[in-house]
Structure formats: C-alpha cells, structure tokens
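Next come two complexes built around chain A: one with chain B, the other with chain C.
Right after this comes the complex of A and B.
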C-alpha cells in the first residue's frame, strides 16, 4: 500500500503526534544527527546519512541496569534491583535502509532462543521504523554488496521515497500502518508516482560502484583467513581509537561497571570496543588479544567470518560506510574484505 | 523470562581458607530466597557470576556438586578487583550469584565410561564438583573406573585437603595426589609434575574420557601424554577461562573464533579447539 504526502504536511503533522516519542534527522553544525522531535528542532531530510548511527535509540551508550544500596541499615542493602525505566512507543523517521538493516543484524545477538536482553528487546519492540530510501548514495556506501540496498525494506515498517515535493510512502507492516494513520493529509498514490519511485530506486542502486568479493570471502575457511600472513600489514595504520566500533550500527559489544556515590550504587552497561586492549585483559595479566594486529583481526574476522559462520545469514555489516569516512588513518573495510577474500 | 543479568541474592555462610598462602578461599553461599535453589539447576563444569555490589562481577566455576543440597561452593583466587574485595568479606555478608552459566562436562557422553580426571593447582574446583557428583551413590554405578590425578606446587597449595585424604582411602576411586616438590618428610603421596604422574598411572585410554583442568603449562605438557596413551582429541575435555562480563554470549569479549567461552563453553573437547583459532 502506497500513500502520498506533501513534504510540508508530513513534517507538520509529526509535531502533532503525542503518543509516540519521535526521532528525526536534524542538522547540527556540519552534520546530521537523530534528535527527539521537540520545539526548536526542524527535521531535515536532505542528508546522506547521520554522523552517528541511530543505534543508541534502542541501545543507549550508557544504560543503568540495576541500582543498589550499600547502607547496612537498609533492609535491602546489597541486593540489586531493576532500575525504573520508561519504554515509550517511539518512531524513527527517516532512518536509512542500511541502519534499519543493522538493527536486524544486532537483533540476532540481543534476542536469541537462549537469552533475551530485556532492555534492547523492549525498546526494539516499541519502535516503529519509517525509512527514507537513498536517492543519492555516497561513494563510501556499499549496502548492495552486503545484502541490502538504497531502498531495501529489511527491518522497516514503511519506506519513504523522496519525489521532490512529495514523499511517497510504502507501508510494509501493521506497525507502520498504525503509525501512518496518525499523519494527516495523505492521499492515495497514483501510478505515475510509483513508476517515478521505481526509476529512482534503479538509478540509486546503479550509483553504488564498490566491488567487494563477499561471496569469495564466505567460502574461505576461518583458520585459513585467521592464520594468513596479512594482519600485521592490514593493522599497521590502526591507532586503536575505536571510532569505527563507536559509529558502527552493527557493533554491539558492551562492558558492565558498578558506579558508587556515597552509599548508593548503580550497575551500568556501557558500549565497549574490541579495539581496546583491556577489553580482553584477564585479571592474571594474560591477554589473548594483547597485540594490535590481533584486535584488528578480531574486528574484521567477527564481521566477515565469525558472524556468517554462526548465523549463516550474511555478514555483520550493513554497508553504511561510517567507519570508512571516520577512520583517522583511512582504513577501509572494503579493501580489507578484498584482501581477506584473495588469500 | 527472568532478567538474565539479575543476580540472586545470597549470604556467605562460611569462608574456608584453602591454601597456606591464604590466596584461595572457599565461599559457602546460601540463597536468601530458598526458592532460588530450585531455579539454579546446574551440572558440574558450569560456572556463575559472583556479584559484589559496588565492585562488579567475576566468573567462577561452581565447586559444589548438584548432589549437595542447600548451598553452593565457590573457591576463589585473590587476583583482581572483585576477588580482592571478596577476600575481605565476612561470613554473613550479602552478595549475588548469577547463573548457572555455560555448558558442563559432557555427562551424557561420560556415562558407561572410565573417567580420568586431571587437575592442577587451583583449577580443581569444577573437578571437585565432578568427583563429588560421580561418587554419589545414585550416580556411581553410571561410571566405570574413576581415576584422579591432582597436583599442586607444594602440599600447602592443594585444595580440599580433608576430602583428598578421604578419597585416597576409598576403593571405588583411584586417587593420585602429587606435588612438584616438598621437604615434608611425612609426605606419603607422589612427588612429580602432573604430566609425569599421569603417564605413570593412567595405563589405557580404552573406553575412557579425560577431563583436564589446570594452568596452561600443565595442559600443554599433559595433552601429548594423553595422546600417547591413546586418547583421541574427542575424548580429551578441557575447561577454559576468559575475561567475561555478561556470561550469556552477548557482550562480545570471550570469543574464540565464533564460539563464546561463556555460552558455548567453558568446556570444549580438544577436537573442537583444534578447529578454532588459537587465540585464548
């Protein structure tokens, strides 16, 4: 089902929705970020992609898990209690297809048959994903090579096509339909609009020129790639800053720390990074990934070999290209994937 | 579903100093809510996260056996932030236990077999759990011969000494206690490294499974001995350690290749490990 909205009407009506917390892309300085829609925030849909991925909307960078008292007089002293939290209905408007795809990848980690992460799953279930297809992918985009595309519908409840003055919105799920009922001023789309959308989609897909030999890489044995004599050279420029893991919409690793102020404490979970040596440091001093090349190898092996081996469903990368843009030493996952596939 | 990160509150019922250097203590814990004992169903080889509010959590193998009701035992080496704090705690203090976590020794495969247990130093905890479990009158008939080789650097560093001397006297278990060296003239057991004693005492790999738990150096020298005796990599079982946080395969740090030590392990056969990157 398709609906057509005048852009202006669509944006104005977002402000009137009260029962969802709404996130929109907004410009701040040189970059776009996802921001809660509130007074003073103007949604701006003319962006390549947001600088930070929207992963923190479902998976905050720091999250209070439990709270406790260390006061012995307290009857519940030293007993962890779930921290009170709200899980409002929320909608991300204008999420790019690569970032929506990324949530599907991360879901495999946080929502599996053995264990469910209570906070990630609750926020994910309460979120409606209204995507915005990419008319003009950047030269760092490679979604089409990793199972997605500039108009991929993976993980979306609806997808918007930017037709100039209008948004053509294709409704994909009940969740999407329910949300879009709250937007006023929609019309039935005409055949010409749908044709125009299909043309934009084809043209966008053709703009992605990156060539990665993912299929060849998937066929290589894990030990063959792990033991190959390429990792010292690949990792040489890396300064272990961790920006790639911080910006990556599919990186999910975390740390758990207790923080105490006077006699009250919180158990907190923070994003962590395999780029940092203490990530794997044992209390004994032993560290299985003490050297930089081992950590760099871990990052690329996890995304391109371990994840496929474990889930048999593509790679742990949605092709957004943020790590390529942000890396201070110009490391490029596409080149590294190709080196791995040519062993 | 219970929040998998939320520990069950427990009280320290008793603290036993195990070694003469006082760096190892066994904590006897009891759940504050007795119903948690029903939920906390475990098998020897599994571990739990011991949670000290304000300090953090630490993954520790369960040293008690599921046949021992009403309490849990954890033998803890004083080495990092949380364990140092644990060593300063007193009987009656409250902490948390989260688990049971990980797989266990392959009990279904071990039934009907000779079981060879090889342990070194303070890595004897889940092996104690296994021995107590197998010696329980209900379980003993399920196993053929049980052979135990357990060594430490010196007599004062052996864990569970009272039990060791008792097991030594039993005739349904072949016990070989050893120390690397001692000047104690009354020492009546073996002197020699674990791999050497294993080679002397374990004669056959027929219908047998070996469980090995110890410091890396002991494992490295015991492995070829077992292979020489005739154990296939499938029948050499190892338990690994790794830095952990979540314990449920989500936080990403304890992987060896695509396996997580916390969830897919900590118990692996040598055959499984040979197919994984050697990064542990």
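Right after this comes the complex of A and C.
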C-alpha cells in the first residue's frame, strides 16, 4: 500500500504525535544526528546520512543494567536488582535502508534462540522504522554488495521515497501502517507517483559503483586469511581509536563496569571496541591481541569471516560507509576486503 | 607547489634508500578519502613513488615514531618537527635514528569548512596550486582560495617552518603570526564559573569517548592511559562528568608539550573543538613561563626545568 504526503504536512504532523517518542535526522553543527523530536529541533531530510548511526536508540552507549547496595544493614545488600527503565513506543523517521538492515544484523546477537537481551529486544519491539530511500548514494556506499540496497526494505516498517515536493510512502508492516495512521493529510498515491519512485530506485542502484569483492572473500578459508602476511602492512596507519566501531551500525560489543558511590552502586554496560588494547586484556596480564595488527585483523575478520561462518547470512556490514568517511587514517574496508579476498 | 613538494619528497626518500641512510621512510600516500591522506611506511625503494604531500596531510606523523628502533626518514612541517623535538627530549626516539625532511608549511585545509561550502556534496578529489584549490565531485567542480579555508590552528601558527631537520625541501615560508594568539581562550576564561562549566560541558555533549583525539596525538604515548586502568578510578560511560574528566586530565598531561598541530580537532568524529583544552595550558605556559613546546633540543622540558624566579603564586 502506498500513501502520498506533502513533505510539509508530513513533517508538521510529526510534531502532533504524542504517543510515540519520535527520532528525526537534524543538523547540529557540521553534522546530522538522530535527535528526539522536540521543541527547537527541525527535521532535515535533505541529508546524506547521520554522522553517528542510529544504533544507540535501541542500544545506548551506556546503559544502567542493575543497581545494588553495599550497606550491610540493607535487607537487599549485595543483591543485583534490575534498574528501572522505560520502554516507550518510538519511531525512527528517515532511517536509511543500510541502517535498518544493520539492526537485523545486530538482532542475530541480541535476539536469537539461545539468548535474548531483555533491553535490546524490548526497545527493538517498541520501535517503528520508517525508512528513507537514498536517491543519491555516495562513492563510499556499498549496500548493494552486502545484501541491501538504496531502497532495500529489510528491517523497515515503511519506506519513504523522496519525490521532490512529496514523500511517497510504501507501507510494509502492520506496525508501519499503525504509525502512518497518525500522520494527517495523506492521500492515495497515483500510478505516476509509483512509476516515478521505481525510476528513482533504479537510478540510485545504478549509482553504486564499488569493486568490493565479498563473494570471493566468503570462499576463502578462515586460517588462510588469518595467517596471511598482509596484516602488519594494512594496520600501519591505524591509530586504534574507536571511531570505526562506534560509528558502525553493526558493531555490538560491550563492556560491563560497576560504578560505586558511597554504599550504592550501578552495574553499567558501555559500548566497547576491539580496537582498544584493554578489550582483550586478561586478568593475568596476558593480552592475546597486544599488537595493533592483531586488533585490526580482528575487526575485519569478525565482520567479513567469523560472522559469515557463524550465521551463514552474509557479512556483518551493511555498507553504510561511515568508517570509510570518518577514519582519520583512511583505513578503507573495501580495500581491505579486497586484499583479503586476493590472498 | 604541492606537486613540487611531492616530487622533492620522493627524490629525497629514494636517495636516502640508495645511500642506505635509512631503513624506513614515513610519509603520506594517496588513499580513498581526499581529506585524509593515508600515513604510510615505506620500506622498499620501489615504493617511494607512493609518497605525496598536499594541504590535507594534517595528522602529526611524529605519532608513528614512538619506540621505533629503525633508522627512519620522516617528513616534518613546523608543528610535527616540534613534536619530534619533544619526543627526543622525552626519550621516545633518538635524534641519531632520524633523517628529518623539513617541509615549510603553508597551512592545512579545514575540511569541515570546505564541506559546508559545497553544501555537503561528496568531494572525490582535490587539486591545488599555490594559492587555490579545486574540489571535484560527481558532476560539480568548485575553486576556492586556500587562505579562506585554513584550519584555525594554522591561521594562528607561529612556527610554520620546521625547527629541526637534516634537509629542507624549499625556502622557509613567512610566519603568519608573530606571537601565539589566545583570544578564544580569553573569552572562556572571562566567563563566570558556572557559565564556563556549562559552556565546556555543552561542547563535549556529543563526545562518544572513541579516544581518536588521544590516539592521534603524538604526546599520548603512555603504555596505559589513565582511562584504560583495569581498576578504573573514574567512570567509562558517557556520563558528562566522566567525559569532562577525560578531556581535562588529558589536557593536563599535555601541558607544556602541545605544538597545536590540530590533529585532535581534525579527527574528532563529532566535531568537538578539542584544541581549546590544551590551548588553555599552552596559554598559561606561554604567559607564565614564556614557554613554547619543542623549539629546541637544548631547552629542557617545561616541567623538568626549575628557575628561582618561576611563577609560584599558586603555592
């Protein structure tokens, strides 16, 4: 089902929705970020993509999991109690298809038959994903090579097509339909609009020109790539900061810390990064990834070899290109994947 | 001019390998992002042709020297050369190991300003001559004056020419600023304390603690950074107080050592004007002790020197 909205009407009626917490792309300084729609925030849908991925909306960078008391007089002393949290209905408006796809990749880790992360799943289930297709993918985009596309519907509840003055919205799920009922002023789309959208989609797909060799890489043996003598050279420029992992919509690693103030404490889960030496530091003092090349190798092996081997469903990357754009030393996953595939 | 510099660097690197004066050469190569040329380690003479120089070579290559054992050729503009001096004084590398190829520097381009000037369109290539540069993307091309797009630290640069080198690739350039300029810091100093705290916390609001500012900094070579202690003594979350603690403490660690190369600010993924933290300490070092870091190998590090008439009003 397709619906057509004048852009202005669509944006104005977002402000009137009270029963969802709404996230929109908004410009702040030089960059766009997903921000809760509140007074003073103007949605800007003429963006390429947000600087940070929307992963923190479902998976906050720092999350209080439990609280505890260290006061022996307290009947609950030393017992972990789940921290109180709210899980409001929420909607991400204008999420790019690569980022929606990324949530499906991350879902394999947080919501699977063996493990269900209670907080990730509750937030995910309460979120409606209203995508915005990419009319103009960039040179750094390679979604089509990793199972997605500039108008991919993976992980979306509805997808918007930017037709200039209007948004054409294709409703994909009941969740999407329920949310869109709250937007005023829409009308049924006409055949010409749908044709226009199809044309935009085809043109956008054709714009993605990348030579990343995923298929060839998937066929290589894990040890063959792991032991190859390419890693020292590849890793030289890397400064081992957390930009790539923290901007990545599919990196999911975390660290758990207890923070105590006087006799009360919190158990907190923070994002962590395989680029940091402390990530693998053992209590004994031994560090299996003490050298930089081992950490760099881990990041690319995990995304492009271990994940595919474990889940048999493509790579742990949705092709958004954030790591390529923001890396201070130009570590380019496309080039590295190609080096790995040519071993 | 940049083309000329590039050719000159290749020529020198080639000669150094031929004469067996170096084992490796550290410079930049062209990558896939025109704003972030890739630092590269050349170990074979046939690879010297990869080397480039342009107005986006704005990291501080001294960062790649720490603890290396080889004989190293390295390119260094003003700020990088001063960081190398600091590195030598702090025993992180030996002077005898280095063959420093000095580069008189005209300043680096601020890619955020450039992106904004082309309405955030994707820039695929940059061409430059002495005064101008041209950005090229899919279906567009636009030319600008370099002068209008220099990084803030370059506009205030007091030492564009290398202070230490074995060979310099061109005539020294004229110095832009006669003495360091701290107007932006004065403005913050003059704020009432509550407003100042609010202002600084607001600046750091977007920090994701990726530590790119720390890792790109040649001063931050501690084997274990205070934020990476296994038994942490302050929080690792993005709680505003903890984030602030990280930035303030890192700045204090860099007091009297920073050459204002601007790499920390350039690489910040969320655009925090990080320089102001260390710049405040640079200001104090300059105003109180007439000190600028890394100017000479004869000068003891600020905190290793004592003079009877040193400022001590804080005691």
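Keep this in mind: the second predicted complex is superposed on the first by the 343 of 343 C-alpha atoms of A that agree within 3 Å, B and C clash if a C-alpha of one lies under 4 Å from a C-alpha of the other, contacts with A are read in each partner's own complex, and residues count from 1 in each chain.
Keep in mind that, in the parts below, a residue touches a chain if its C-beta (ideal position, glycine included) is under 8 Å from a C-beta of that chain, and two chains touch if they have at least 3 such contacts.
All figures in this text were calculated on a predicted structure; none of them were measured in a lab.
When both complexes are overlaid on chain A, chain B and chain C end up sitting side by side without clashing. In the superposed model, A:281 lies in contact with both chain B and chain C. Once chain A of one complex is fitted onto chain A of the other, the partner contacts of A:4 are absent, as it touches neither chain B nor chain C.
Using the contact criterion defined above for the overlaid structures, shared-chain residue A:330 touches chain C, although it does not reach chain B. Of the two partner chains, chain B is the only one touched by A:226; chain C is not. In the superposition on chain A, contact is made by A:62 with chain C only, not with chain B. Vertex at chain A: the C-alpha centres of chain B and chain C lie 90° apart in angle, rounded to steps of 10. By the touch criterion defined above, A:189 reaches neither chain B nor chain C.
In the superposed pair of complexes, A:257 makes contact with chain B and with chain C alike. Of the two partner chains placed around the shared chain by superposition, neither chain B nor chain C is touched by A:92. Using the contact criterion defined above for the overlaid structures, shared-chain residue A:102 touches neither chain B nor chain C, since it reaches no partner. Aligning both complexes on chain A leaves chain B and chain C separated at their closest CA atoms by 6 Å. Across the two superposed structures, the residue set of chain A contacted by chain B and also by chain C is 255, 257, 281, 283. Residues 1, 3-7, 9, 32, 51, 53-58, 79-81, 83, 93-96, 241-243, 245-246, 248-255, 257-258, 263, 275-277, 279-280 of chain B touch chain A in their complex. Chain A meets chain C in the complex at residues 28-31, 33, 47-48, 51-52, 61-62, 138-140, 233, 236-237, 239-243, 245-247, 255, 257, 259, 268, 270, 273, 276-278, 281, 283, 324-330, 332, 334-335.
Chain C contributes residues 31-33, 36-41, 59, 63-64, 112, 115-116, 120, 122, 124, 138, 206, 208-212, 214-216, 228, 230, 232, 235-239, 263, 266-267, 269-271 to its touches with chain A in the complex.
Interface residues of chain A, counted against chain B in their complex, comprise 65-66, 68, 70, 77-80, 82, 109-110, 112, 114-118, 222-223, 226-227, 252-258, 260, 265, 267, 272, 274, 279-284, 288-289, 294, 298, 301-302, 305-307, 309-310.
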